[in-house]
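Letters A, B, C and D name the chains as they come in the text, with residue numbers starting at 1 for each one.
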Amino acid sequence: MRKKIQLGVLLLLAVVLVLLPKVSPFFIVFVATEILILGLFATSFNLMFGYCGLLSFGHGAFFGTGAYVAGLLLQHLQWDFIWVLAVAPLAAAVGATLIGWLCVRLNEVYFSMLTLAFGMMVFAIAHQWRSVTGGSDGLAGFPLTEVGIGLDIVLANPFHFYYLTLLIVALSLAAIYLLTISPFGLILRAMRENTERVAFAGIPANRYRLYGFILSGLFSGLAGALFATFSRVAVPEMSHWTQSAEPILMTILGGSQYFFGPLAGAAVFLGLKTLITSYTSEWMIYLGVILLGMVLFLPKGIFGLLERWLGGRT
Amino acid sequence: MLRKLLVMAVVAFMAIGFSLDAQAEGTVKIGAIYLLSGAFSTYGQFAKNGIELAADEINSSGGILGKKIEFVLEDSTGKANVGIQAARKLVYQENVDLLMGLDSSGVAKGLVPVVPELKKPFIITHAASPDVTGSLCNKYVFRISLNIAQNTKAAALIAKELGVKKWTTIGPDYDFGHQSWEFFGNYLKELDPEVVLSADPSFPKFKAEDFTPFINKVISDKPEGVFISLWGGDLINFIRQANNLGFFKQNFKVLMSLGAATEVLTALGDQMPEGIWVGTRYWFAANDTPTNNNFVAAYKKRFGDYPSYNSQGAYAAVYAYKTAIEKAKSFEPDKIIAALENLTVDTPSGELLIRAEDHQAVVNGNWGITKADKNYPIRILDPIRIFPGKDITPTPQESGCNMQ
Amino acid sequence: MNLMTAFVAALLNSFDIGILLFIIASGLTIVFGVLGILNFAHGALYMAGAYFLLTLMGTVGMPFWVGVLIAPLGVALLAVLIERFLLRRIYHRHPSFGLLLTFALLLIIDDAVRLIWGSGYHIVEPPQLLRGAASLFGVTYPLYSFFTIGMGILIGIAVWLIFHRTRIGKTVRAAALDPEMAQAVGINVPIVLTVVFGFGAWLAALGGALAAPMRTLGPAMGDTIIIESFIVVVIGGLGSFPGALFGALILGGIHGFGGRWLAEWNIVLPYIGMALVLLWRPEGLMGRR
Amino acid sequence: MTMPFLEVANVTKAFGHFVALRRISLTVREGRTTALIGPNGAGKTTFYNLLSGRLQPSEGTVHFCGRPVSGQPPHKINKMGISRSFQITNIFSELTVLENVLVALIAHLNLGLRFWRIVNRDKKLAARGMEVLERLGLGPLASSRAGTLSYGDKRLLELAIVLATEPKLVLLDEPTAGMTPEETHAVIRLLRSLAAEGKYTFLITEHDMNVVFGLADHIFVFHHGELLAEGTCEEIRAHPEVRAAYLGEEVD
């Protein structure tokens, strides 16, 4: 029964997302694109947090790497976009390999703080290496290229970009979902509870954490590359800790125990932000109060509540 | 129960919010993007004051071609991607006719290349990166505020007059600080090839709070002139700490490219040293014209303060739009753009000319020497030096703009 | 200025920055040690301390010496209310909720301060007695900085004595080590937690009040301090009070010496320092495993 | 079979000034259920930690089937064929009972990096997991969440995780601690029958002497971090020093 409800909701969501540009005001297409991209970022963050129990405070490093590599490739080489989307996440994954190798041996808040430190190092590189990264102003005004492989998609067209993003994000979420239900995903979930027990069962725990971290960084980099193209800039703030805090916020809001929790969190967070900023320049205080209410009254996030309404788990 | 209500309220709020799209007929809608939150929100507040004042003045005297001005503010938060999304929101959701704003150069450089997609004119009133009306220039984007090149050219002219040869800098460690020093150095070298520029200038990190190490370093390096491009809270911190360490009693000349900003002078009061050369994009006492006198009086009456340069910039932009629309006799974006080119606008900062070639306004630079005056709660400029725009603005060829 | 005086100047600078950070970060580390919450709003409380002092000295017209005592108490009171009505509801949840809740508080307090005091910059004058500069080993240094260094040392000693030599201190440590056991032997643990959170906020606000005559007051002025304080407590050891001193002095040194000789690396040096400590001794230099 | 099964040579473990284990040398033979007894603080758990890789010896070496154990991380030691249980129940309480065993099976069969497989659809894997659960009588509980099991069942699940990796040497740390007498009897019977299969060699620590004497073929006695005595049940029962140091209080 629950399976059927889930499937139904998913189908409904898919229909809404596909039809959205036809029925919504034009600007909503931009908001939806942003939600999808940052939802992917939050979901890949949650691969480490919700499934592996490690709260990274430095995922901006990979998001930013993806954004900068995409920006640089578009600016200097004008590759077809499809290849940009292939290479940028790989660069982020390389970064995640180096950073992860050092970080995964730590636990809990120590892991969080070490990832924060490395995230800020990436920020510093982006900020200080003026000749390559454009310094504090970042990369701007890079051209948008063809998508490639014969696809007739214009990146500058918001509808085209929305559907392209929808496709890529849907495929990525499917891939991440398959990961979570694979043997690897089971090991990650077991490690969230008790890493040492997993090691004593014969799993090289830190190496598995590292694999998880690399995959998480890979998809964060993909999100970063999409975001840079969507925003038309790559700026140092994309790897700042304030950027790393966003997926954390979204994930906890949506519910870290649920696969679609981070995406739901992204939708609510960005939706509220877009809306409140239209009414007041004191948006921070309103957002703060709403967050406060959600923390106090929604212990399992929005998704936990939705599930209860739909008669799921008690 | 409470939870249900909470979530339902949020959902309802969002549903209503996105469907609201009230567009009154007979108004011209201006969308403005400024820093409205965080550490630098004072600049957004200043800009808001300027727009409010201009809009009320215009509306109470019949509007623009009979249409009232309505304005919508959006927060850039100082991040380029946020600024770009805000511009899209203003154009597509709020249906604004005109755009203006931008404090941070980073936001400006990110946003400017995107403006042609939005197909609305955009007047920049604060961000100072030369690239915006240089290598990144385009048909839709104008700037009526003083840019780095103009301000540092004026600084270099003063430096030449001061006659000292050995210069160093203290500037914030981001593109603005580095560019200010590069431009200042290059201009000064052109004016006086004998000048020696420090090979080891000081760039404290932005929002450093503690400038003591840099103050000590500059004092120990014994330069003959120090060019300071710190601004806002950083500059206030710097000046207080420098006072304590006797920085201004040393044997070197000091130029502060943004030292005459009212928010800095107001906060510092009598802590602002006297006898220092300071620059600003607008000085309220620099022009004895009806336009300026009216502006200063109206601003003081309404907000209780002397107008900041950022208020003036925003105020001037609204009037620039008014002048252009009246010249074009149309609200069509393309016609407004055509009218803005080669337009002369009477602003509180003097008459300015918006060049057609790169859309940069040829605007006066304001410098002066700080002085105490018991008629003012803040340090004022005496003497005031006004550098005519044509003397300090690089030619369109030099700016590197290639319009289409 | 020769190398020696430059060195002394950098050293003084390190202490100046370090001691102030110590006062603030010690509040953060005590709250973490006892409540298990990494308080994201700690920097906002620091800011509140500075602004309270501004109003007490400006509008109310108090002298600095009185204001500096009262302003932090006001902030502590606010913190007590926060603990009593908000934080208390989430102790049993995953620590990430503490982070999120205090982040929400940060947004609220930051904006509330802007609404109340405006977005402009303000300064607070140091008391007449502490204006000007003094000379030490040929280095001219603000008198007020010597005062903050002295205050920081006094506060450090006082807090250490409270925790190790008084009944209150023992009670708090017992409640931190094993709340259930403490409750069983008759300690009112909820009150202890309230008091400790208020005390942590008091330290943050005291740091803000002491910093006010040296720093510009402006919106979000606590945002840099909070990350610096995180770095301090991580370097020193989370929950360790002597560690906060140690970490603060190291970070002060990074700013004092790094600012003088490695300025272009300054934005990243604190993070490199924190990463090295975490890789070498994850529990921090003075922390216990 | 010339190679010794588990050989501990001259092992010392010190924590600062405190010496937890002093120059322990012993050999465990394959197929012989061996018990390790001693009062609290004798160093039994430290010894287990050394055998399983949680700790490294300060001096001395441990060899298993001729390969060095000391210096290896826990997961490699497990792969060599040594698997341990924990004194405090150490299961994955958020996972189902079957998933608990699958974690160990995935580890054992090196399936952890099969990213494309779906764990719940893998019939062969599930069948193997069920086999282990059935053997321990946990079959009917396979789809329950592990955290909801009774204490005794949790201890059994712990044993299931250990056995799923098909170890040659099984280290059990007080397997019946906290169990009811009925549950204890059941576990003794279970362990006996498992030992009789000949696949596993058990090394057991226990406080309950009935369990020890009911199961063990051979006994080592630790006292203050040293090996006090070894021998068959009868020999240990009769050993004067052991009686004085330990058994006196417990058995009589």
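We adopt the following convention: a residue touches a chain if its C-beta (ideal position, glycine included) is under 8 Å from a C-beta of that chain, and two chains touch if they have at least 3 such contacts.
If you're wondering where the values come from, they're calculated on a predicted model, not measured in any experiment.
Could you tell me the least number of steps, going only between chains that touch, from subunit B to subunit C?
1
Farthest chain from subunit C, going by the mean of C-alpha atoms per chain?
D
What is the distance in Å between the mean C-alpha positions of subunit C and subunit D?
Here subunit C and subunit D have centroids separated by 49 Å.
Taking the mean of the CA coordinates per chain, how far is subunit A from subunit C in Å?
About 33 Å separates the centre of subunit A from that of subunit C.
Roughly how far is subunit B from subunit D, centre to centre by C-alpha average, rounded to an integer in Å?
73
Based only on mean CA positions, could you tell me how far subunit A sits from subunit D in angstrom?
One centre to the other, that is 43 Å.
Where does subunit C touch two or more other chains at once, residue-wise?
In subunit C, 110-111, 114, 264, 267 touch at least two other chains.
Give me the residue numbers in subunit A that touch at least two other chains, ranges are fine.
127-128, 282, 284
Multi-chain contacts in subunit D: which residues touch at least two other chains?
none
Show me, using the given definition of touch, all chain pairs that touch one another.
A-B, A-C, A-D, B-C
Give every residue of subunit A touching subunit D within the complex, in rising order.
Listed in rising order, the residues of subunit A that touch subunit D are 178-179, 181-187, 189-190, 192-194, 196-205, 208, 211.
So in the complex, which bits of subunit A are touching subunit B?
For this pair, the touching residues of subunit A are 24-28, 30, 34, 127-128, 130, 134-138, 140-141, 156, 227, 231-233, 235, 237-238, 268, 271-272, 274-275, 277-279, 281-284, 290, 293-294, 297-298, 302, 305.
What residues of subunit C sit close enough to touch subunit B in their complex?
Contacts found on subunit C: 1, 5-6, 9-10, 13, 16-17, 110-111, 114, 118-123, 132-133, 140-142, 144, 214-216, 218-221, 223-224, 255-256, 259-260, 263-264, 266-267.
Spell out the residues on subunit D that touch subunit A in their complex, using ranges where they run on.
52, 54, 73-76, 78-79, 83-84, 86, 90-95, 99-100, 102-104, 106-108, 111-120, 122, 125, 161, 164-165
Report the residues of subunit B in contact with subunit A in the complex, numbered from low to high.
2-3, 6-7, 10, 13-14, 17-19, 21, 36-37, 41, 44, 48, 72-75, 78-81, 84-86, 88-89, 92-94, 105-106, 109-110, 112-114, 117, 129, 136, 173-176, 178, 206
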